[in-house]
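Each of the next two complexes has subunit A plus one more chain, namely subunit B in the first and subunit C in the second.
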Partner chain A sequence: MRKARGTAGGDPASGAPNGTVGRREAAIRLSQAALAGVAVAGGAAFFAGRVKAAASAPAIPDWRVPAAGPAARAYAARGDDAARNVRRVLAALGGMEAFVRRGDVVLVKPNVGWDRLPEQAANTDPKVVAELVRACRAAGAAKVVVADLSCNDPRRCFARSGIRAAAEEAGAEVLDGSQLRMVAAAIPGAADGLEVFEPLLRATRVVNVPVAKHHGLSRATLGMKNWFGVLGRGRNRLHQDIDRTVAELGAVFRPTLTVIDATRVLLGNGPQGGSLDDVRAVGAVCAGVDPVLCDAWGAAQLSLGPSELGFVGEAQRRGLGTADLAQVRELGRT
Partner chain B sequence: MPRRTLSPVHLALVLLLAAAVAAIVLPGRRTREDPADVLRALRASRGPTLPAAAAAGAASATPPGRYARDTLADVIDGAAEAYLRNGFVSAVMATYALDGAGATLEIAAEAHRFERAEGARTQAADEAPPRAAPVEGVAGASSDGAVLIAVAGRDLLKLTVLSPGEGGPEALAAIARAWRKEQAP
Partner chain C sequence: MRWTRRIRILWQGTFLALSLWLLERLAAGDARAFRTGVLHEADPLSAASLALADGGFPVALLLAAALLLLTLVLGRFFCGWICPLGTLQQLSSWLLTPRTRRESLDVNRLRPWHAWKYALLAFLLAFALLGSTQAGLLDPLSLLARGLASGVWPAVLHRPPVPGGILAFALLLAVVLASRWVPRFFCRALCPLGALLGVLGRFALLRVTRGKPACTDCRLCTFACQGGDEPLGIHRPGECHVCLNCLDACPEHALRYGLVLAQPDRPARPDVGRRALVGGALLGLVGAPVVRASGGGREAAHPRLIRPPGAVAEEAFLDRCVKCMLCGAACPTGTIQPALAVAGLEGFWTPVVVPRRGGCEFACTRCGEACPTGAIRPLAAARKTGYDGAPPVRIGTAFVDRGRCLPWANQIACIVCEEMCPTDPKAITVARADERRPDGTAVRLQRPQVEPLRCVGCGICEHRCPVGEEAAIRVSSVGETRDPLNRMVLGS
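Here is the complex of A and B:
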């Protein structure tokens, strides 16, 4: 005798007898399995796409020149003439020709963060930038690009800082934030996922030329911190753990040369500054192939020891350079 | 039917009502009497403004970009924090082009509104060039010839000469005068 559906001994919900699966239950289970399969396949495709995109993002090149062979890893020159200071440190390093070959595309990366005048010392001195451009051109560079992503209106920053006029006059192509195309790049660490401006990736040589100045969070902003200026939207999140992040950027971005501008030094209320009372005319420039050493020298112009800057210590621990100031050769004052 | 006399309480209520009506109607009438006041009030209610190119003595101006608290960082990334601390509400920005001697003079213009006048004044003090001097004929404005800062109530105007050339100071003053004219008294 056939048992009626739903009778005792069966599953009242499915209407199936014990140990069997009814059509309704089977349909539900099949639907669930299908949904799970679609979800898994979709998720796999999504993450595979992301991994592929991350893998396809270009790596940041290493712009260092192997075995350039300067006697010291950094030189510093002092005097009232900023351009002359640049020429002296470059000459001591073996000339720009030791770093820039004929046909190179050189990116000069100043700090043009703020809508400030040169005398307010919130940006790299335009004379320092212009002299570096001239040196690169004289060494045979096919093209010299001066670029930065400002914190304030980029056109205003490049106009007020005097950098656009000075660098263009020296023969550079000057690109402010409104003219820069942002592209993905493979940046490990806290800056993962942030974009960089395209001319950076196209450059065959990079000269990092920050101004030495006070910074409210990191105490000082120098060479390694200056890499914030190549990063696109979202970079503010890097201020969360600034010492570690700055050292990470120092490990990612390996410039051909670091040139610290201490023509005028902003001693307080940085990074934006504003008051001339916070500015001291130091009249010095340091250039070298060791970014950590250059930052240590820059810190000294702010009366800070290398051990007082967390990112300098962190960078040294990572083997990015030395903070031993005895290795900076002072060329004296002219 | 007995005739009722007006009691002092009724009289007081009637007078109170009349005073309330007068308080509402009279200022409204005054505002409506002057179309310029109406225009200024309307402009003030819709946010900071920049004068039209013709009014500012410019040949042209770019379409204005408008920014609020959550979009200010789109245009001034790191500097936005200081504005927000000072009570930034909204901004409008444009670039004026003026025909100068042999070259076009470009001037970046931005008008920012703050929650309070104090915020505008604080931001103005922070932005003012080191050697700024008062601008003749424009109340609350100072300039060093390349940058002009002006404050009117809760609004801050900042003008910057972008391209080197002659006529910068005069152009800044002309735009600032046109802006000041449009602000609520």
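Here is the complex of A and C:
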């Protein structure tokens, strides 16, 4: 096929004598080999992916720690230092060691939904996220992943919220939406058929760390609503019956710990805010093993009673936890 | 291989790699402030078109003027040493050609159709003179950047589909593959930038000359000649890409590239008939008004002709845009796309915002930073969002389609658009209503409505609306900051 190029005396342009391979010929052969290799590998990957997709979607694991028996189901600490608040509530719960064993893969799931600065209180405070990462690392976690599927451009959200820098500095692997692979999962209820990001299924422990803020439809977005952030395309349909769907997600995703960040709370124009006039510096953090109780506490920081939130009532009816605020032990202000 | 050729290949490789890398970084959202468009800024064709169309003197023209001056000294070195599209063609011709050496000799002869590019240049400059910059259609830098930014990156990076991108990529592919049959066919026959440089290149001080006594007329010099400029015959410095392959190929070392002060004969004019030149120019002068009359955003605003934030008014925009799609590559959401029909015939391949694809990020200003010609002005984030106190930069206004909107039409709760709305206070507010579903159950609804004076037209509402293929809230261009006549609310 390529005989035509050869003439007596070889190819003077490439300086190759007869019988040897010229530079051009070598480049052609190499690129052909590379192309063939890529084609074979691509085909294999393609079919492997299809085989995997055909297998039934895995169920969402239950990440709760059965043996953990802190005296109270949730603790809250107040003070100007957010990291210190986190350390105090964790200590009251028996330390992160009570929840994370050596070798665990921990997913820390903050709310990084929006392209906003920490002062605007639309995302979880980066200091709270970083302190949780540090605690997990100190407890012996093999890997700590911080991930969320943002509503705005994911790269901007993770950069401007300060969460990428803070969590990476604390030793976490930070994955934004442009880096996350979506996989099928079995989610009973309205979210059936939606995909979740892959690190969620690989995690052996999950810490849910939302920020407490106003929401135009559900009135408040807290821990159970934060599970929207693990879901892929199609989650915008869940708003059509939000109290039911939030409670359903609360029944499907059972985190090891829920940590409500009320360092700053957003009282209006939620869930993304903007104006600093809508932000109130509360300086509090709550952590517990009862997601409904934590959400009830978070609502109280927004001056909302548990009965004012439809999804809290719905979750209680489903037996996911209690909204009895007396069960949160306040550790006081420092 | 002689050192001249080695160095040339090194230069070509460096500039190709650099331009591809910069484009890749731009698309990957690298936060470092690279001047991705620097090659485009030094493009004399863009600069000339802008100066003719806009009547202004773009700052970028300084870089372009420097390139022109260098061309007067060195010849068309840009084509042979720098232009990444030229390098790609040379690469494809080297890799793909099954030509025999006899065929190479034949194909590298100067042909009459090499003069097409001069007529094309006359046509494009005449078009620009009447206020419509079309140079970007065939400008090699724009052609390459557009083909990659809107054709390749969306496929590789799993971005939303770009219908205009496949055409841009097809043109790029055709240009590169044409070199299989005729080396650098695009450079020789079509490139308007090459033509502009060729007009000056024929006066170049440094050029290839032949030492007559040593030359045996073997014609080996034409085997690898890139420009098809006949180093052996009446050499055409205006066609020569200064690739210096001929020097390398000459077994007698009879050719040299150096200072020629005393011209032995007059510089060979470009082999273009006066008729072709005048014809090209006339075609441009007649064509520009005709194309303009075919419709677009110039005389009347078009609802879906939404330009990126910071874009200047439509008239000036069409003067300045060179259709390079760097803005689209820079856009993190993929909402900026090359227009097919929405901007009219003259706006083909100019960037438009397609909100259903992505929505414009509220505080993002990357498109304006990437634009090399000022068609999209750079904005500070505080200016764009209005956080500096002045009104924000609007690119349109959202309208609720009450016939499709779930709470309005179907008594189903939904507030996704309100939730997504980034302004403060929100431009989308909700009206509470207690209604009954068709089956009689009572529902409490929150029905979205848009406050037009707060809406910036970012389109994230349209992008995120859960109503299937066509959103129930859609942005149209009315209210855009750049056009004081495209308004609806009194006092805005």
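Note that in this section the second predicted complex is superposed on the first by the 279 of 334 C-alpha atoms of A that agree within 3 Å, B and C clash if a C-alpha of one lies under 4 Å from a C-alpha of the other, contacts with A are read in each partner's own complex, and residues count from 1 in each chain.
Here is the rule we go by: a contact is a pair of C-beta atoms (placed from the backbone, for glycine too) under 8 Å apart; a residue touches a chain by one contact, two chains touch by 3 or more.
None of these values were measured; they are calculated from a predicted model.
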Partner chain(s) touched by A:Arg24 [first = subunit B, second = subunit C, both, neither]: second
Superposed model, subunit A: greater residue contact from subunit B or subunit C: C
Partner chain in contact with A:Asp153 - subunit B first, subunit C second, else both or neither: both
Contacts of A:Leu325 with subunit B and subunit C, given as first, second, both or neither: neither
First (subunit B), second (subunit C), both or neither touched by A:Ala165: first
First (subunit B), second (subunit C), both or neither touched by A:Ala91: neither
Touched partner set for A:Asn236, first subunit B, second subunit C, both or neither: both
First, second, both or neither for A:Glu119, with subunit B first and subunit C second: first
Doubly contacted subunit A residues - partners subunit C and subunit B: 114-115, 151-153, 155-156, 159-160, 236, 271-272, 274
Partner subunit A, residues of subunit C touching it in the complex: 1, 29, 31, 94-95, 98-101, 220, 223-224, 249, 332-333, 361-364, 406, 412-416, 418-420, 422-426, 430, 446, 460, 464-466
Contact set on subunit A toward subunit B in their complex: 113-115, 117, 119-120, 149-153, 155-156, 159-160, 165, 233, 235-236, 271-272, 274, 276
Complex contact set, residues of subunit B against subunit A: 73, 75-79, 82, 93, 95, 108, 110, 126-127, 129-130, 146-147, 160-164
Touching residues on subunit A, where the partner in the complex is subunit C: 1-2, 4-5, 7, 12-13, 15, 24, 27-28, 31, 114-115, 151-153, 155-156, 159-160, 178, 215-217, 236-237, 239-242, 269, 271-275, 278
